[in-house]
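Chain IDs A, B and C follow the sequence of writing; residue 1 opens each chain.
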Amino acid sequence: MKSFIGIDLGSTTTKAVLMDENAEVLGRGITNSRSNYDTAARVAKQEAVIDTRLTLLRRELKGIPALEGQIDSFLHGLEDGFRLEQFLEQLADLENTCEGNVKGERFAGIEKQVMEVLVEVFRRLRDEAPAMFAPGAERKSDFFRDIAGSRYLTTAEAVAKEADLDYDMLLNVYDKSIIEVENRPPSEDMSGKFLRSLDRLLAGAPEFKVDAAEVKAPVEQALGVELDETYVVGTGYGRVTLPFSKEHIRSEILCHGLGAHLMYPDTRTVLDIGGQDTKAIQVDPAGIVENFQMNDRCAAGCGRYLGYIADEMKLGLHELGPMAMKATRTVRINSTCTVFAGAELRDRLSLGEKREDILAGLHRAIILRAMSIISRSGGISDQFTFTGGVAKNEAAVRELKKLIAENYGEVTININPDSIYTGALGAAEFARRAVAEGARMEGTA
Amino acid sequence: MSTPTPSTEVAKDTSMLQQKAMIAGHYDRLATAREDGRKVCSTFVPGNLNELIMSFDLLNNLPEVNAIQSGLRKQSGLYVMEAEKHGHSEDVCTYVKSDIGMILKGNVGPYGKPLPDPDVLLLCYTGCYTFMKWFELLRERYKCETIFLQIPYEGDGKITQNMRDYVVKQLKEDVIPTLERVSGVKFDIDRLREYLRNSAKAEDDLVHVLQAAKTKPSPIDAYFGGIYYIGPIFGAFRGTEDAIGYYRALREEIDARVAAGQGPVTPEGDMGEEKYRLVVEGPPNYTSFRDFWKMFYDEGAVVVASSYTKVGGVYDFGFRHDPDHPLESLADYCMGCYTNRNLPQRVDMLANYVDEYQADGLLINSIKSCNSFSAGQLLIMREVEKRTGKPGAFIETDLVDPRYFSPANVKNRLESYFQMIDQKRQGGAVAGEAA
Amino acid sequence: MAATKDIVARCEALFEDLNFESARAWKAAEDGRKVIGYLPVYVPREIIHAGGMLPLGVLGGGDRLEVIHGDAYYQSYICRIPRSTVELGVTKRLDFVDGMLFPSTCDVIRNLSGMWKLMFPEVYTRYVDVPQNFDDELGGAFFRQEMEELKEGLEGVAGRKITDDAIRESIAVYNENRRLVRELYAFRAKQPWKTPSAEVYLVVRAGMVLPIEEHNQLIRDYLAAADAEDRPMRDNCRIVLTGTFCEQPPLNLIKSLELAGCYVVDDDLLLITRWLLDDVPTEGDPLGNLARAFLHNSESTSAKYVDDEAEKGRYLVRAVKETGAEGVIFAAPSFCDPALLDRPMLQNELKANNIPYIAFKYAENSGQMQPIREQAGTFADSIKLWSAA
């Protein structure tokens, strides 16, 4: 089948959306952007393809009576198994790479000992892996680097201690290897991994009263669907570094506008607050951008500002909103300058203001900046769609709603939980239209 | 180091070679002014009284042009920082700081030769508050005669008799007598008339060239290319035979391009297909001038009209220097310069340009240094959008401070703008499909 | 007799009122009353007053106004006063104002005049050009005629002729106001502990919104009250504050200076109240008199050209000598062209006269006073050490 893929290369994460000829979204994928946009794009795309397979699997498995009512957990089980397979594959890659990096002066004379310790470390990592991907297990992140990294460091420290080996040696090997591994996307053998996952699931999950023969065929059917990469469009800040020709690149403003339109067809005004920039976009009834404004040179009031505040307060980014929600009053903060954020914060704290109240003020300050940018782009027309990382922050959303009501009256405000994919969605739709409109077809690199 | 004046790098038409020789000759004359016994008058581009200055055998030195040259030669960043080291605020105009930094670093001019100290500062206070402080700063340094000529601002969008009388009286009673005293040359109004007659001829040809951009495809880029075209007439050559020759040659070249259906010349040769026609408001960035220009012509964007090419005189509505009314026409010239016009006038001009030059929209390059241009530009954009129904876009850079040119940022916005224009053009088809 | 505290409380309420309720009430009290707003630094308020109208000083939004729409009109590198002024306009806080005057203070205020014409076409809006040539026949004649045209425009708003006699009477009332403000400043220079600068500021600032006759009485009351009250004298140094002639510093900044050990004994805040240095003659051609006063007997500020190089910065040196100040604090609004471009020259003149100084920037909504307190405190300490040595 034909597939159309949009890739949004953001400064922190890279997103991909895959859709079919009928503009139906089949899969989404996300990964961290790394230092290497090229790999990030490939990984995000691969993730979207995995997600697409799951969609196709769902379609095929829907008709099986024995799975009635269990289809979600069955698919979760399949995905977990798949992730485990993928994890083990990358873990093996990491092990090999680490072993290859045990060389040089630093390791002179102790190579053998280091090797033995590494073997033990990876043995333990392999052993504990299934538990990490068991049903209901919580993983802090789905990015290999995050999972493997933290587990490696903990395990290596313990094993090194037992073996009386300098922990720094293991750290050194890891640091040298992880970037290499991370920049090598997992192998493309998707079907194999899904099939092994299926076997594992059928063998280890008695709650599914379905027999192998019954599911094997539909699963193979879903995995066998040829996904033809018909057209890819890249967008986002890193788009210029993509090895795409110009026809395959669209500005993130356009993609964002179109993406928001696809999510909420009545959208007229879009606000996106991301890490590096804030944009306000006006779109017409067809999702065509009519006007846009971005924060000026200065990054005041972007998501990054909250990042600095979190660092300054030694809090996690996600903890800021809930804490601000506990405020009893809102301290007036006049500077949204990231450079002064720390100073302003300390000044307020030294005046005896409560953290919650200051945070409420900081959130209001950010939203005030955004309101200015919206005003600059032409104000707010019904409906209004809010996207980007800051849209997940409840305190920011609360201030935004208040200010919109004060300045523009009653307006429908849309916030989609998948708003992070807005740009990629627009890009995928551009890809689809490019083909539909008979634009030149070219394979991407 | 080679001498990267823009004119040497673009394709070398006759007019370009001519201009290059003119400018080099001018800097030579400045460098040897002392030996040659010539006196030097520093003054500003907007409202510069070149014909009057020449009537007193004075050499015209323009600090803004020096700053631009320093910017193009990538020296201005150093100069700006030097001035800031000496207590000048990071918030203020970088032309001033580049000039002061250059002086602090020995006042070596753009052609590698030292510039002479001025004998007189002719502070023609036209359309820019900073000029006043700039020459107070130079006066503090040079302790030389300083003539202040106040050019009233067109607050109500017109030149009143009171404004004109004020300027003419200042010229008669203050500027001319002082220039006589400084130069030792008696004022000869017929000599001034002769220069003004020359000016008008060159002005006719300049207008012809700039208005050639109404043709499709436009044979010129009226912003990046336009900056070369205005060089002689905004600088030290208005009123000279050289300028007449230059603009005549330029006119013929542009006419030939129109006849051949050619687009503009860029630093990399002829521009490809014309895809977007823009009106641009605001000065350019000079420290990355070539990269900035490339962001346009690579995308097939040509600027068909710009306000910056009106900063040293607005000629396209019929004004010409007039030998029959010499002082009055100098007064009207100064008061009519672009930044001396009020915002409603500027909106009118730009909206008319969008219509008359069949542009896709107005792009504003907002310059940090220049409040005279920049304060109010966001409203200008909104008004022009409203009147023309064409989308506007807004980018921010600086004149000669390299710290304020962020290529990724500018490029991102330009691309978004061009694609938005595209998308609007295809609007009908896409809308049908999305429905 | 009213106590200073009550007078100041009234002034503070006027200062904090971003809806200009007192001016609205003045206008509503009689049919046909008109209000004319003006921005810093100088406009001839006498002409407005002579037309029976209320001159209203519009000085931005201070540190309490949340600017949303105003920011949409300005880039980040432009000062704050125009954006908060636009905010006041867009949010209809100035909807009762019948005319707005924008003096030639700088390019930003100048351009705001044109913006106002575009945004509020129903309001009489005028750019008020002032002379930078100080010859009676040149700058004087020009300015007199500009005022003539301004008068005609204001007549259109007032719906009545503004007679020479009326202007002469208004000049007399404003002469009284100028005398009182000068007296207040002289009093503070002599006994700064009795008249804290934040109070002086609020008392003078009230004159931006009150009818001038009422303001005259208010200053008299405050002077009497301040004279009668004992307040503790502190071991503060004495400084001249400069650079604050347009965008206003937050009240907290003025307070912080005194808390940090600096008595402000002269400043360029609300300069319009002291712009003309002496009484303007009430005989003869009133506009001619106002023009001559401007040319030959007006305040100095960075927004004004100095035609004699030898005079550059002298006014600051004189202010220091006349008030017995020990140093100068340059406080400039961020991105203020006049103040910041002028500063190096003024500082050179102070250096040549061995007058110590410090410099910092602010915005009308600056929230952090800690760095300012620290700098001013260090400055005060160093002055004391220096004078002890």
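Note that in this section contacts are C-beta pairs under 8 Å (C-beta built on N, C-alpha and C of every residue); 3 or more make two chains touch, one makes a residue touch a chain.
Just so it is clear, the structure is predicted and the values come from calculations on it, not from any experiment.
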| item | value |
| --- | --- |
| Length of the shortest touching-chain route, chain A through to chain C | 1 |
| Of all other chains, the one whose Cα centre sits farthest from chain B | A |
| Chain whose Cα centroid lies nearest the overall Cα centroid | B |
| Chain pair with the greatest number of C-beta contact pairs | B-C |
| Rounded Å distance, chain A centre to chain C centre (Cα mean) | 55 |
| Chain B-chain C separation of Cα centroids, rounded to whole Å | 36 |
| Chain centre separation in whole Å, for chain B relative to chain A (CA means) | 48 |
| For chain A, residues contacting two or more additional chains | 296-297, 376 |
| Residues of chain B engaged with two or more neighbouring chains | 378, 396 |
| Residues of chain C engaged with two or more neighbouring chains | 72-73, 75 |
| Footprint of chain B on chain A - complex, ascending | 237, 240, 250-254, 261, 284-294, 296-297, 376, 378, 433, 436-437 |
| Chain A - residues contacting chain C, complex | 296-298, 300, 332-335, 340, 343-344, 347, 350, 368-369, 371-373, 375-376, 403, 407 |
| Chain B-facing residues of chain C, complex | 72-75, 77-78, 82, 102, 104, 106-108, 110-115, 117-119, 126-129, 131-133, 135, 137-139, 141-142, 145-146, 149, 302, 305-307, 309, 312, 332, 334-338, 340-345, 347-348, 361 |
| Residues of chain B that touch chain A when the two form their complex | 378, 382, 385, 391-392, 394, 396, 404, 406, 408-409, 411-413, 415-416, 419-420, 423-424, 427, 429-431, 433-435 |
| Chain C residues within the chain A interface of the complex | 63-64, 66-73, 75-76, 363, 365-371 |
